[in-house]
Structures are given as C-alpha cells and as structure tokens.
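In what comes next, chain A is part of two complexes: it sits with chain B in the first one and with chain C in the second one.
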Partner chain A sequence: MPTTSPAAEPVAGAAGPSAPGGPPGADAPRPDRDVAGLGRARALGFVAPALLVIAVFLVFPAVWTIYLGLLDYSLTGAGAQAPTFVGLGNYLDALSDPGFTRSLWLTLLYVGGSAVVGQNVLGFLLAWYLRGARRVVRPVLTVLVLLAWILPGSVVAFLWQALLDRRAGTLNTLLGTADQAWVLDHPMWVIVVFNVWRGTAFSMLLYTAALSSVPRSHLEVARMSGASGWQQLRDVVLPTVRRHVLTNTLLITLWTFNDFSPYLLTGGGPNGASEILPVYIYREAIIGGHLGYGSAISLLLLLANLVIAVFYLRVLRGRKDES
Partner chain B sequence: MRPSVPFRLAVTGLGAALLLSGCVGAKDAGGGADPSANADAKDVTLVISANDVKGGKNAAEAAWIEDEVIPAFVAAQKAKGVTAKVTFNGAGVEDEQYKTKLELNLRTGSGSDVFAADGIWLGELAAAGYVKPLDDVVGKAASGWDGWDQISEAVQANLSFKDQRYGIPNGTDGRVLYFNKTLFAKAGLPADWQPTSWDEILQAARALKKVPGVTPLQVNAGVPMGEATTAQGFLPLLAGTGAPLYDESKGTWQGATDGVKQVLGFYQQVYGAGLGDPRMQQDKAGRDQSFAEFAQGKVGILAEGDYFWRSVICPSEKDCGATSMKDRDSVVGWAKIPARQPGSGVNGQDFVSVSGGAGWMLSPKTKYPQQAWELMAFMSSKEMQAKLSQAQIRISARQDVNAETLKNDPLLSFISEQVLPITTYRPSDEAYNEVSLGIQQATADVVSGKSPDEAATTYAQTLTKAVGADHVAGG
Partner chain C sequence: MNPAVRHVLGRVGAYVVVCLLVVFFALPLLWLVLTPFTPNPTYRASLSGFTLDNFAALVDNPQVWPSIRNSLVLAGGSALLVIALAALAAYALSRVRVPGRDQLLYALLLLSSIVTGTAAMVPIFLMLFQLGLIDRQLGVVLVLTGGLLPAAVFMLKDFVDGVPRSYEESARVFGARPNQVLRHVVLPVIRPGMATVGVWALVQVWGNFLVPYVLLANPSKQPAAVVMYTFYDAGGQPDFALISTFALVYSVPVVVLYLVVNRRYGFAFQGGIKG
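Here is the complex of A and B:
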C-alpha cells in the first residue's frame, strides 16, 4: 500500500459526494467520511487483515456449510468418495422428517424453559437478593453460583450423572426414592434444570452490574413516596435495566440454542425424548455419517439463530429510540 | 447503488467455495500409495491405535501392545540396523466414538499407521476410499505372508471386501446366552440349562421373575447400546427365524418381513411383560449397567459375546475392574442361542449365533508401508498372538495359537467347537452401518412401547431410504 500516490486522496474524496440529494456545494469531503485522511485504498489496506481473518474463519465456513448442505456428502461409503449434488433435497428431507420437527420443538422448550425463563428470572432474583444480602452470604453464594458456571462441562456432567444415577444416585438417596430413573422419566426437566443451574451465573453477574446502575436517588424518592418493594421494582428498576434484560436474553438464547452439553447427561434419549437440535445434528452427521444432511440442518439452526437475533435487536433498537 | 461489504464478502466467499469445491470427493482421485516408499529407511516412526487403554477398556490388549509388541518389534528392527520409534495411541471409549474418530482421522490422513478396526466397518471404509487392499498398499510382502495358512477362510473374510484382503484378523468371537446358576437354582431351573426354542427362554425368564430383586433376562436393544443391539440381540434372533439379514445372491435386505416382526415380537414379550428391564436399554450407559448387574448377581440371563466372559466378568480385578467376578467359573453358565423353534434357524439349524471380529489394518497414507506391514505381521505372529492369548484368553485368528491356548478355557473351547461351526457373519456391505442404526431404532421403539408391526414399518421406511426400494425384501 505505501506505493499508492497521495493523489489518490482527492479521488477518494470525490467519490464521496456522489450520494443523491447531497447538500449544495458538496465538493468538499464531508468531515465524517474520511476523518483520518487515509483515502479509500489505504484505509482498505488497514482493514484487509481483519477482513481476511473474518473471511477465512467466519464467511468461508458458513458458505462451505451451505455448499455441503446441497450434497449427499457422507463420512463413509460411496458418498464420501464421490458426493452428488442433491439441490434442496436435504432441506426437504429435514422438513419432512418427524425427528427434525420434534427436536426443533424440544429445542424451543429447552431454550424457553432454561434460558429465557429459568436463567433470566433466577439470575435477576439472585442479583436482587444479593444487593441487600449480609456480608457473609454474599460472597459464598456468588462463589457457589460461579462455580457451576466455570467448571468444565465434562466434570459437571459426571457430577450430575452421579447425582441422578438410578441405582445409587445422591438424589435418590436424599429423597428416599429407590430406583427412580430421573434421566429416563423426566429427560427434558433434567436438562432444563441442569442448564438453569449451570448458566445462571452469567445472568446474575450481568444483572448485578445493571442493578448498580439504578440511581439510588430514584429508589429513595420512590421509597419516600411509599412505594412497596414490588412497586419499586416495577416502576423504577425494571424501566432502567430493560435494555440489559434484552441484551442478556439475546445472549443466553443464542448460547442455549447451540448448547450441546445435554448430550452428556441424557444422550438425547430415551428414544429421542431430549434430542435437541445440536444433538440431532451430531447424531445425524457424525454417528450416522450424513455430513451433507447435517450441514443442511446446521444452516437451518443458523437461520433460526439469525431470526432470534434480528428480533431482539429490533426490540432493542425500538426501546433505544423511545428513550 | 454499491453493494454492501457483507454482500461482497459473501459473493467472494461463494466464489472461493465453488473454486475449492473440487476438493470434496476429489481427494482420492490420485493413484494409490507407493508400496516401496521409504522401504529402506533407517529411521522409522510408526503409530498404532486401538480402542484399548491400560487400566480401562481392553486393558490386557493395551498392555500387550505397550509391553510386548512394541519393545520386541523395536528390538527386532534394531537387529536389522533400523531405528524404529513406535508409539501406541490408546483410547477407552464406546466403539461408535472410536469409529467416528478413526474415520475422521482417515479422512484427513492424520491417523495412525496401524489401527484396530471391526470387520463390519470395512465396507464403509473401503467404499469411501479410506482403506485400500493390502495388495495395493503393501504388495508382495502381504500376499506372500506365511500366517494366512493359519487363518480360516471365514475369519479372513471378516477383513476382506470384494474378495480382497484389507487387514489381518486379530480374532473372532461368538454369541451365547449367559446365565447365573445361583439364581437358576433359586428359581428351580437346571444348572445345565439349554433352551431349544424362544418359548423355553421365556419360560425360564418367567420362573426367574419370581425370585425377588432379579431382572430375569436382558437381550440388548435400543440405540445407546449401538452395535451391541444388532450383533448380540437382533441378529442372533433373526438368524433363528430362518433367513439372514442380507441375501447376498439377490442383494436384498430384510425389511418388514415375518422374521423381523417375529424378532420384534420377541422383544415385546421380554420388555413388555417385565421379563427384562426396559430402562436399562434406554439408558445412555445401559450396557455397562447390564454388565454391572450381571456381575452383582442381579440378572438371570444375558445374551452377549465371549468378550463379556473374558473382558468383563473375568475373575481378575486387575483386568476387569469393578465388573470382575471372582466366582465366575462356578456361578456363570452358558447355553447356545436356540432358533425360534427347533430347525427354524438359518440352514434349518436348531441353534444359531453371530460372529464378527476385529483386526489390524493400515492406513494407505502411511509413510512407511513396508514397515507398517512388518509391524502388523509381527503382531499377528504365532509368538505374539500366543502372548496375547496368555494375557487374556480369547479366540485368536490363528488356529495354531488356538490349538494351544483354548483348551484351558471351558467357554472359549465351547464356542470354538460348538458355536463357530453354526455361526453366521454380518454382511460387510457399505450400507450395513445405516441398516444397523435402523434396527437399533426399531428395537428401541418396541422397548419404549410401540407395537412390533409399527416398529417394523418404520424400520422398513428407514431401510428403503438407506438402500433403495429395489434392495428391500418383504413387507
């Protein structure tokens, strides 16, 4: 890029005002177009490395997934040697496969139950409670909640297996329920509760930070006017932290949508009763070897994520404009 | 209007993807490996991998590789003036997971030089071009190996595909019904029990049900059990209805046939009537649970392979860990698996079984094909196989080794004398894995309460999707 002559600058500047409806006398470059005075070519030179990394690690895999989703590509057999083009066949198969629709439904239940409601509400309540908690309770509780979050997934899965084991599990011993197979009888409950337990720490941290941004004076005024705890929460706190709530919900929704750890607990079973989408993809693509089909469903998962993200961002933007 | 940056990036990415698309599938288009590559190398690096791990799964075999094979092979190479560095890459996971890892390794060409593989995976691996015939990768050294004379045709076929050898079999196996003689005595059943029909199995199970705290009968079913469901449960039962799963002459798989429905009906009689524990078949670690419960004397009858006898409930706690049974030899009895009725099995047999066997294969991408072959042949030599059989009794692929070692073990000599002559082998077809998954799902459906007819219909649909309607028989 250093060979680019300085003459490029006016050219870049001249390209700027081509926007229709520009103000009269728009010959001069608009100040917010080229603040650094680099010119288009050199500016591109500076962002090129970043763009390259994004292209290689984000855009290319995504495009590659789209491409694989159009093939009958498989891990073994003839489909690995010479895959053929099947067009939208994989997508049509997915949409007509009851296994796919079931796991989509289970995923919605899982996300709704464990993230949108579970982690959100529990995280908020914990943050709310910790504000006024006593000096000893606060750090102990925080550490306990954080511990669930920072332990490695495999360790946690093993602990939960020991907890829920049908023969000699801790839970059965505590409750005196002999031979209760929690994982088999209530697979969805198990993974929802598991994920609430595991992921609440993030929401709690975020809400702790959000609650500290609520001006004390507002709360004091409310209290002096005789507002009850619930009224303070509804009329003072929630309007202030509303954007945090949306951001938090967006993040945990996306994470939970792509969460694979329930597999470590239930294996998607019994007979598919807890087979959420990531597990379904794993079973189809890796165990069954249908890489093409797996790619197609992965793309559908990606689209679902995109829809959710756009939805939240719209709501978020709407709130911003309001305020 | 100028296109947005993300749009332009997407277009560029798409272009790149289309350019690179030749990569998919074109990988193996080049000629085969050169058998003489590095044949005279003085420094050789080889990696062995198997689903064995010291102190865990198949501990005895892991110890054999690390403590016997590798030092002896390195010493033998040193005598020839070659410095060999051989490492063992062990694992102790479910077979399905090992298989996935193996396939991914072979796909990227980063795997071991010599690896253990189950014979039934061969069809898939070979059709994908992940493995190549020994004649192509190694050449004369492999076809002229003196060990082939000691391995029977049927066992060699385990690691052959389309009449070409892809590896050296390590051993073979057979399936029987194990039973707990202590529980049998409590239920008033004979210690030399040998059922001659499915009904007699069910009768014994009903008698065992009266003993408190006992699961009378476990026949592998369901998806978490993986291939064990197919090989230990479904296929031996299907062989007892008269026809094999795959008809080689017609090239057809059994769909919703009478035989398949009868087998699923048997599952329903076992798990629907409380003779077996359906929970154990649905649990993720169900097979290990069934092992543990049998070892604790809580399961009456269990259908399993000889692997169970030698690697799971062996008396040595060092080799078999928590499931070892000190009193195995006096408590555990065994019986041949009967056909549905006397004479209704394949070839009109009264008793049936299913056999398979794993072996050693080599990666076509190995840098040292000749040395990798030497290592494989060394592992399959009489001396090394005898050492492995001494460490843990098993049916070796080599007849000369079996002649010396099996007489010490009552079950394995029983299998080699009475079961192997009547056994059947699984088809080494590339579609087998998918068919097997369909079978596992069908048994899972019955165990969780669906009717055999319904499960058979779903299975037939899966099968049709996997192999095409032309290759599905019946229903």
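Here is the complex of A and C:
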C-alpha cells in the first residue's frame, strides 16, 4: 500500500471499528481499505445509481433482443397489433435472404480489411516509424492522424464526399480522372479506406505506448549482434507487445463491427453493395419497421461480438499460462 | 547492390512513403480548412480568394443555433450524469471491498463494447418507444449515459486507486464525518480525473450520430451531428456555404477540448474514444 505519511498508519486501526460494514481486518494494510468510513451499505448506495442506469439502458436491451428476435414484431401492419411468436422463423428468414448473407460477407470484408489489417498494420507502422522520426515530421503526422479520429463523424463523412465527388471532387482533380465516380464504382474500397483513415489513430496511440515499454537495451543488443530492422521487430519487439496487439485487435474489431459511419458515406449503396450489417439492421428495423427481424439480426451481431471477445480472452489467457 | 546504395534507396523509399501518408491523412481535411473562407464554395477544396461571407449562411439559417444548443444539451447533460454517477461508483468500488467487484467491472466493460450502437438499436428504440421517451432529449441522454458509464467507472476507479489513502485518514483523525471527508477531501483530489472523464464523455456525445438520429424525429430537437445532414437545397445539392462553415464551427469545440485535456493531463483518452 502506498502510504505517504507514516503517522497515518495507526489511525487506520482507529477508524476501522467506526465503519461497521467494513471488511474484516480493515486495519490490515490493503489497498481497498474503507478510509473515509463509508461502510458497505453506503458504498452500495454509491454504486447503485450507476448500476441502475447501466442495467436499464445497456443490459436490459441486450437481453430483450433475445426475446424480440423470436417475434414477428413490426411497427406497422398485423405485427404491430399482436406480435406472434415465430420461434426461429426470423433466423430462417435471414438465412434465406440473399441480402443478409451478402451483408454478412461485406461486414467480414469491412472488418478484416479496414480494422484487423488496415488500422492494425498502419497504426503499428506509424508508431514504429514515429519513434525515430524527425522533429518536424512527427508532430505534423501525429496531428493529422489524430484529427481524422477526433472530428465528428458527420463532418468527416462530408469531407470524404467532397473528396470523392464525381464532378468536382478534389481527388479527381488531383489525379486527372474526371468523372470517376468512386463511391458508385468501388463502394467497399471507399468505406474500407475511409475507416482506415478514420480509426488508425487509436492503434497508433496504443502501439506508441506499447513500443515505449520495449527495453532499449534489448534492441541495442539485437542491433549489435547484427539483427536487421525486420529481425529486431520480429524477435524483440513483437514478443513484447503481443498482448497489446491482441487488445488492440479486439477493440478495433468490435468497434468496426458496430460501425455505422459508412452509412453517412455511401448509404449502404449502390443497391446494397456496401450494406454492412449495422446498415442492414437499420434499414430493415427502423426504416422498414420489421423490429422482430431486426432484433434477430442484432442478436447475431451481438453473438459474433461475444465470440470474438471470448476468443480473444482465451488467447490472452493461453499466452499468460505459457509465459 | 552495394550497401551504401541500398541505404540511400531505403531512405528515399521511406520519405516517399511518409509523404504519401501525410497527403493521405491531410487531403480530406483540406476541405474543412479552406472551403469556409473561399468565395463560391463547391466540392473542390481550394482557396480562390478569401472571404467571410459564407458565415452569413450560418446566421441566416434558423436551424443552426438550435442544433448547436441541442448538441450542448445532449453532450453537457450526458457528461454531467456520467461524471456524477461514475464518480460515486468509482470511489465506492475503489475504497470498499464489494464481492465480485473486479469481475463485475470487467463484464460491464466488455458488455459496453459489445452492446454499442447498432447491435442494441432495435431494443433501445422499442424500449424508449414504450416508455414514451422517443423524440425526447432525456431518452438520448440516458441511453448515451448507459453506454458510456462502464468505461467511465473503469477509468475513474483507476484514478481513485492512485490517490493516497492518507488524505482521507488524516481527515478522519481530525474528526471529520464521512460526508465531510468526501466533500472537502476526496472531491477536490479526484476533480482532475472527473474533468478528464467528463471531457471524454462530452466529445463522445458531441460526435455521436446514430443514437440521436434514431431516437429523435423532430428536427427542432436534433443535434448538430444530425442536422448537418439536412443542409441540402431543393435540388439535392448541398448548401456549401452553410455546410462548410457549420462543419468548422461544429468541429472546433472538439479539437479545442481535446487540446486542453491533452496539454493538462497528457494523453488521457486511451480508454477508447471513438466517434
């Protein structure tokens, strides 16, 4: 326990008995001693409001999805008056809907291309490069990457529309490719590149922090024994930052899975060619009013997220046991 | 190839890659910086002369200021609620041993990153529909608060864990009651942590598009993130003077807040900020 003043030490014992709900042995030096004399009852009272809001607006919707997905609930028509129980009907509908299977495939492409590979690799390379970068290059590049990340989603979506516009877009002007309709011709490429641009900052920051934890002496030893840059990276750096790589990959995967911002750029179009699952759910459930069907798809999305998270935790635990 | 040539080629290659990266990240941003000040703005980012006339569009449009005010209400309300609830919970969880605390925190954090945005959109929409909270800003604030709280509690608990217990112990020695200890000792000490989490929540809500887009139907209640999407003229052409200046005005607060927090507390957004 970090005690800054030794005089305070015996006081803890004196304060202990006055906290009736306190843990047994409250006078033992432990980090979570009830020093303010809060007592367990009041402590629970402190935690309760936060837990209540989380329970109502986060946990309950997640659980309710399971039930809703089994109904033919909709905003209009017969399903609005008296939703009936359709069991796994919504799931069977989903599997037979080519729009859903295409959407699932596009989501995997989007997540794999823009997050797992794009943001991950570019973020790592940026962090690696910026460690030794010149004084001018480092702040300029860092600020640009961060700006892409912190600006509001609606703004960056419009910036990209302006960049890619068919007639007057900046990109067509620069490349001399007049009348090239990027968004219509290559919608998936557009949203993948957009998301790399948008989200690389997080990976860069996380890897910057991770790389600073790699002992310099290890790198020097490797360099002196003649290891090339690539060998240093593979044999010294990667083993050290492996946990960070996993954490980063998990977070950006989950975020990208649920990312709605491509909707602002392509609207899922043309003809659903960039309709990833979040956009598909939005169109089916909120626009189309098929709430039961939308819930079923949402649950599939939640389950996919859960599988990813559990897989990551297992890998992480496996790594820990190894070392 | 001899090593010297290879070295030079490697250097040149690295510079080319870095220049391409700078262009890649800077190119979309050019429009935001140049267009508000250019006469007759279009999709093309260019600065042909300098004018402040475009900002007249901001003054003329009746939706601009209400939407900014709505953004302030939503972001401010959510941030205050997140700070208050998270600070109470984080302090209690840090100082009092509650069984299963760590597992609970971890499970909630995981849940909040799984149940975000679209995956929970339908049940949240339906729940608010039945609670009569659709088209009300309170509903948006509560939903956003619920989503941000787990991470906020997690960050703040980390912060409180780092505060020495001797402060509270000394106050107790001098006979302060628990309430007094909390108000006069704990609160001032954890204020920087609360400020950081508050700014984090503010920035998150300020940029959030999906939740208000789905839950608010009345244009007079919608925040800037949603309203910006409606600035098109009858022919479907964007109103460039309006959009460019609005985008700038709407973006500046986030950038300023970010810079302030970054300067004062170092980089504190590691917990995962994502628009």
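By our rule, the second predicted complex is superposed on the first by the 268 of 323 C-alpha atoms of A that agree within 3 Å, B and C clash if a C-alpha of one lies under 4 Å from a C-alpha of the other, contacts with A are read in each partner's own complex, and residues count from 1 in each chain.
By our rule, a contact is a pair of C-beta atoms (placed from the backbone, for glycine too) under 8 Å apart; a residue touches a chain by one contact, two chains touch by 3 or more.
None of these values were measured; they are calculated from a predicted model.
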Of chain B and chain C, the chain that contacts the larger number of chain A residues: C
Which superposed partner A:115 touches (first chain B, second chain C, both, neither): neither
Which superposed partner A:190 touches (first chain B, second chain C, both, neither): neither
Which of chain B and chain C A:204 touches, first, second, both or neither: neither
Touching partner for A:83 - first (chain B), second (chain C), both, neither: first
Touching partner for A:127 - first (chain B), second (chain C), both, neither: neither
Which superposed partner A:147 touches (first chain B, second chain C, both, neither): second
First (chain B), second (chain C), both or neither touched by A:278: second
First (chain B), second (chain C), both or neither touched by A:286: both
Partner chain in contact with A:246 - chain B first, chain C second, else both or neither: neither
Doubly contacted residues of chain A, that is, touched by chain B and again by chain C: 51, 54, 59-60, 62, 64, 68, 73, 167, 286
Footprint of chain A on chain B - complex, ascending: 9-10, 12-14, 16-18, 21, 24-25, 28, 96, 100, 103-104, 107, 121, 123-125, 127-130, 222-224, 279, 282-284, 289, 430-431, 433-434, 437, 444-445, 447-448
Residue ranges of chain C touching chain A (in the complex, touch as defined): 14, 18, 21-22, 24-32, 35, 42-45, 81, 85-86, 88-89, 91-98, 108, 110-127, 142-143, 145-147, 149-150, 153, 161, 164-166, 168-173, 177-178, 181-182, 185-186, 203, 206-210, 214, 224-226, 228-229, 238, 243, 247, 250-251, 254-255, 258, 267, 269-270, 272-275
Complex contact set, residues of chain A against chain C: 1-5, 8, 11-12, 14-15, 22-23, 31-40, 42-44, 46-47, 49-51, 53-54, 56-62, 64-65, 68, 73, 126, 129, 133, 137, 140-141, 144-156, 158-163, 165, 167-171, 173-174, 197-199, 202, 205-206, 209, 251, 254-255, 258-261, 264, 277-278, 281-282, 285-286, 291, 294-295, 298, 301-302, 305-306, 309
Contact set on chain A toward chain B in their complex: 51, 54-55, 59-60, 62-64, 66-68, 71, 73-83, 166-167, 181, 183-184, 266-267, 269-271, 286-289
